[in-house]
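Two complexes are shown next, each including subunit A; its partner changes from subunit B in the first to subunit C in the second.
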Partner chain A sequence: MSSGAGREAVFPTRQSLGLMKSKLKGAETGHSLLKRKSEALTKRFREITRRIDEAKRKMGRVMQIAAFSLAEVTYAVGGSNITYQIQESVKSARFRLRTKQENVSGVFLPQFESFSTNDAKDDFGLTGLGKGGQQVQRCRETYRRAVETLVELASLQTAFVTLDEVIKVVNRRVNAIEHVIIPRTENTIKYINSELDEMDREEFYRLKKVSNKKQRDQAATDKELQRQRKKTDGGADDEPPDVLGTQEDDDVIF
Partner chain B sequence: MAAPPSAYKDRQFLAVIGDEDSVTGLLLAGVGHVTEPPDSQRNFLIVDQKTEASQIEQAFTRFTRERKDIGILLINQHVAEKIRYKVDSFTEAFPAILEIPSKDHPYDPEKDSVLRRVRRLFGE
Partner chain C sequence: MEGMFYNVNGGFVEGIVRGYRNTLLTAQNYSNLTQCETIDDVKLQLGPAYGDTLAALPPNPSTSSLASKTTEKLVADFRYLQAQATGSLAKFMEYLTYGYMIDNVALLITGTLHERDTRELLERCHPLGWFETLPVLCVATNIEELYNSVLIETPLAPYFKGSLSHQDLDELNIEIVRNTLYKNYLEDFYHFVNNHPDMRGTPTAEVMSGVLEFEADRRAINITINSFGTELSKSERQKLYPQFGKLYPEGSLMLSRADDIESVGLAVSGVGDYKSFFDQMNQSGGVGAGNMAGGSANEGKSLEDLFYQKEMELSKLVFTHQFTHAVIYAWVKLREQEIRNITWIAECIAQNQKDRIGNYITVF
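Showing the complex of A and B:
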């Protein structure tokens, strides 16, 4: 009976046949919907991967420029160890992130957005006060822009990772419906149909059997009846009894 | 299906693991943050020749698993190379790990964990 996917454990009744049929219809609708969702997500996914590729290349350039401007700073500041100064004066981040969501066919993709707080006080206000202040300011601007690019890239990357996961899940569902649920339901329907047909045939055969038996019984009783009648009528119709004959009459008892 | 909003709502900082120059530059941009004492934690780690891989690993784990306020982890590519297996095995969406080039080590797209995943997905 079971070909490949097996079937569900149901009783072969008309009610469960109806249930299975509606289940099959539901599975088909769900399959086509999920398939479309997966396609929409994949389209988005491809777009994101392309943008990641671009952004990564752009990041390479931006970081190079930023590194160069930092080199300018170290040159301008000269002997004093500016890196140590900067590290030690860090207190609170001015450059922070905010997350928001974007909805792509029911999937929330988080996105980063950068902003700077104004309440946190400037940690590097005095950096490069002696010399190289201008270079420091310029370098800060360059790095700000670089970090903004990085944040953008990070958003894309997060979206990539999230979408990757979601697409896998959706595809798994699509495949499960296509290759397991639908064949199994179809098998069940087939099974129920064949079982119902079998029951029909059995019923027909039984009825036939019963009617045969009835006929036979009827014939038997008819025969019996005829015989009885023949006996009681004494065969008056077909052969008159030999009154004068040699055989004795029954004794007549009053 | 996707990450719940609680997973990234509070993430507002960037973290940096890198060489001196990269970290300095990024700190100048204003990403540096030191948490309130008594357990003041910096969100950056400077890696030089003497830094052990275990130290980098520790910082990586701290920024990715323990701290819940970091949204993006920037790591120099040559540093990521030292703890490659850790970077590769980290597949969650948050925090986002970004490999950045450093002054002495130009960016190589072939080594990037994410780009490699991209490549693999498209069967190249």
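Showing the complex of A and C:
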């Protein structure tokens, strides 16, 4: 496939071929799994993006209303030091956060949940008793909603960032497996196969050579043997001479 | 006859105040203001009325700095009048500042209770409620010292004495302290305008009684409505009602027993004005009694708006009387409302909420 894939530094043996084959199989399974994970994450990611968009728009509206209700308070109270009074009269936070984790295909996404402590009584319920108390309370409610929206948005944003990171990592792995590990393993397998084939051919040739040599040797020894046997048995061993033949007999010399 | 010698002492100041009254913004000015696109335009429109005070503002000033500058103008004018005033008029003007002093002292008490550096709070104090010995209160580090300094150093001592001890400052909610002081202040002011030899039987007594009674009733009604759903008990609430006014005593008694808006409406039904307020509020389907309840400007005015409107009308009527100190009171109230109107309009422009911009109150 890719030219840069190269191959792994292994000895082309049958054992490493087996090893490589199982590695390839593992890589393919991993690849499909990671691919699916990445798709699941991306789906989630898109959903979160959409929700962030909604939340941001909502935040814009809510914050505008909240800022305006503060203006109403200033109008009703007459611009005195209501802010300071409220800051000072608050003793404990009524609006709190709880964090939990959500597991999306192995990724832990932090989630923020807001809740208010009901046991603590209203710290500045009496602020603006003379005038403007109602506005102060209404403003508080508006800002409460604004903070709720902010918390929701924060939760989404954190998830967004975390998911983004994870998706990048997963995609990198998928690409690495797809474009590097699998080709390289395939190359290695090819290499091992070719080496093994080469070795097979060499072996075959060598064997052929050896058997040829053996045949030749055999033939040589046979001849030798025949000759010796002829010597000993007078040559009548394997073929009776055609005594009636027309050819001239060898002169027998004694 | 009672006006025969008024001008000997008070004529000059009254003349000036009537001049100031003519520079108040009119409905025409306000409709010009609402057409503005930016705060700079607002500044430009305010030019004739406020002149140099706004010149120092940077381009596109924040609404709060606009408000503080306009307040500065009010304070400067007030201080000028105060410097001209003599005799009972000077005393009368001091009484006007006591209301702001109460706010300032309450602020310092809050600071001391939470062990803050009260010196920083001096900047936040309302300049009209500033008195020379105010910084002395910052020396106090605990509430008992503060209580003693207040008794010694401030003109508010009579309001503290008798109804609040230094333990009370520690234990009671600061709002209750403030409202107790304010109640004592209103009663004292009422007593002052009706019993001072210079003012008894004069238009001042007559007019001021009217506006102070209205103020007292307004406070009583507001306190009642705002205390719903809080830990303020009914008997404590009753202690905060000023002991005069059109509602006192029957209406106040009924207010102290009220549990919801309807019973408040019932309690005030003896007085025609307040009854019509509640009727208007119910007609417009007012959900809350607060200022600008509901969403848009067309939904009709809320109770607090109606009160402000009434206050402004009363203040306007004060100017029909001659030879009276009350014009100064009325002028201060009108200017305060003007500042709030300006702030509101500026706020609406800055936040691009033009649909509610018409919520200001104008009587001229």
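Here is the rule we use: the second predicted complex is superposed on the first by the 193 of 254 C-alpha atoms of A that agree within 3 Å, B and C clash if a C-alpha of one lies under 4 Å from a C-alpha of the other, contacts with A are read in each partner's own complex, and residues count from 1 in each chain.
We adopt the following convention: a residue touches a chain if its C-beta (ideal position, glycine included) is under 8 Å from a C-beta of that chain, and two chains touch if they have at least 3 such contacts.
Since this is a predicted model, take the numbers as computed values, not measurements.
When the two structures are aligned on the shared chain, A:101 is found in touch with subunit B, with no touch to subunit C.
When the shared chain is aligned, subunit C comes close enough to touch A:133, but subunit B does not. Once chain A of one complex is fitted onto chain A of the other, the partner contacts of A:169 are limited to subunit B, with no touch recorded for subunit C.
By the document's definition of touching, both partners, subunit B and subunit C, reach A:64. Of the two partner chains placed around the shared chain by superposition, subunit C is the only one that A:76 touches, whereas subunit B remains out of contact. The partner of subunit A that touches more of its residues, comparing subunit B with subunit C, is B.
Of the two partner chains placed by superposition, only subunit B is touched by A:153; subunit C is not.
Within the superposed three-chain model, A:88 lies in touch with subunit C and out of touch with subunit B [touch as defined at top].
Note: residues 64, 67, 71, 127 of subunit A belong to the subunit B contact set and to the subunit C contact set alike, using the contact criterion stated above.
Across the complex, subunit C is touched by residues 64, 67-68, 71-72, 74-76, 78-81, 84-85, 88-89, 121-122, 125-135, 137-138 of subunit A.
On the subunit A side of its complex with subunit B, the touching residues are 49, 52-53, 56-57, 59-60, 63-64, 66-67, 69-71, 82-83, 86-87, 90-99, 101, 107-110, 112, 116, 123-124, 127, 136, 139-140, 143-144, 146-147, 150-151, 153-155, 157-158, 160-162, 164-166, 169.
For subunit B in complex with subunit A, the residues that touch the partner chain are 1-3, 5, 8-9, 11-14, 20-34, 42-44, 46, 71-72, 74, 91-94, 96-98, 100-103, 106-107, 109, 112, 114-115, 117-118, 121-122. Those residues of subunit C that touch subunit A in the shared complex are 63-64, 67, 71, 103, 107, 110-111, 113-114, 116, 121, 124-126, 173-176, 178-179, 182, 218-219, 222-223, 225-227, 229-232, 240, 288-293, 304, 336, 339-340, 343-344, 347-348, 351, 353, 356.
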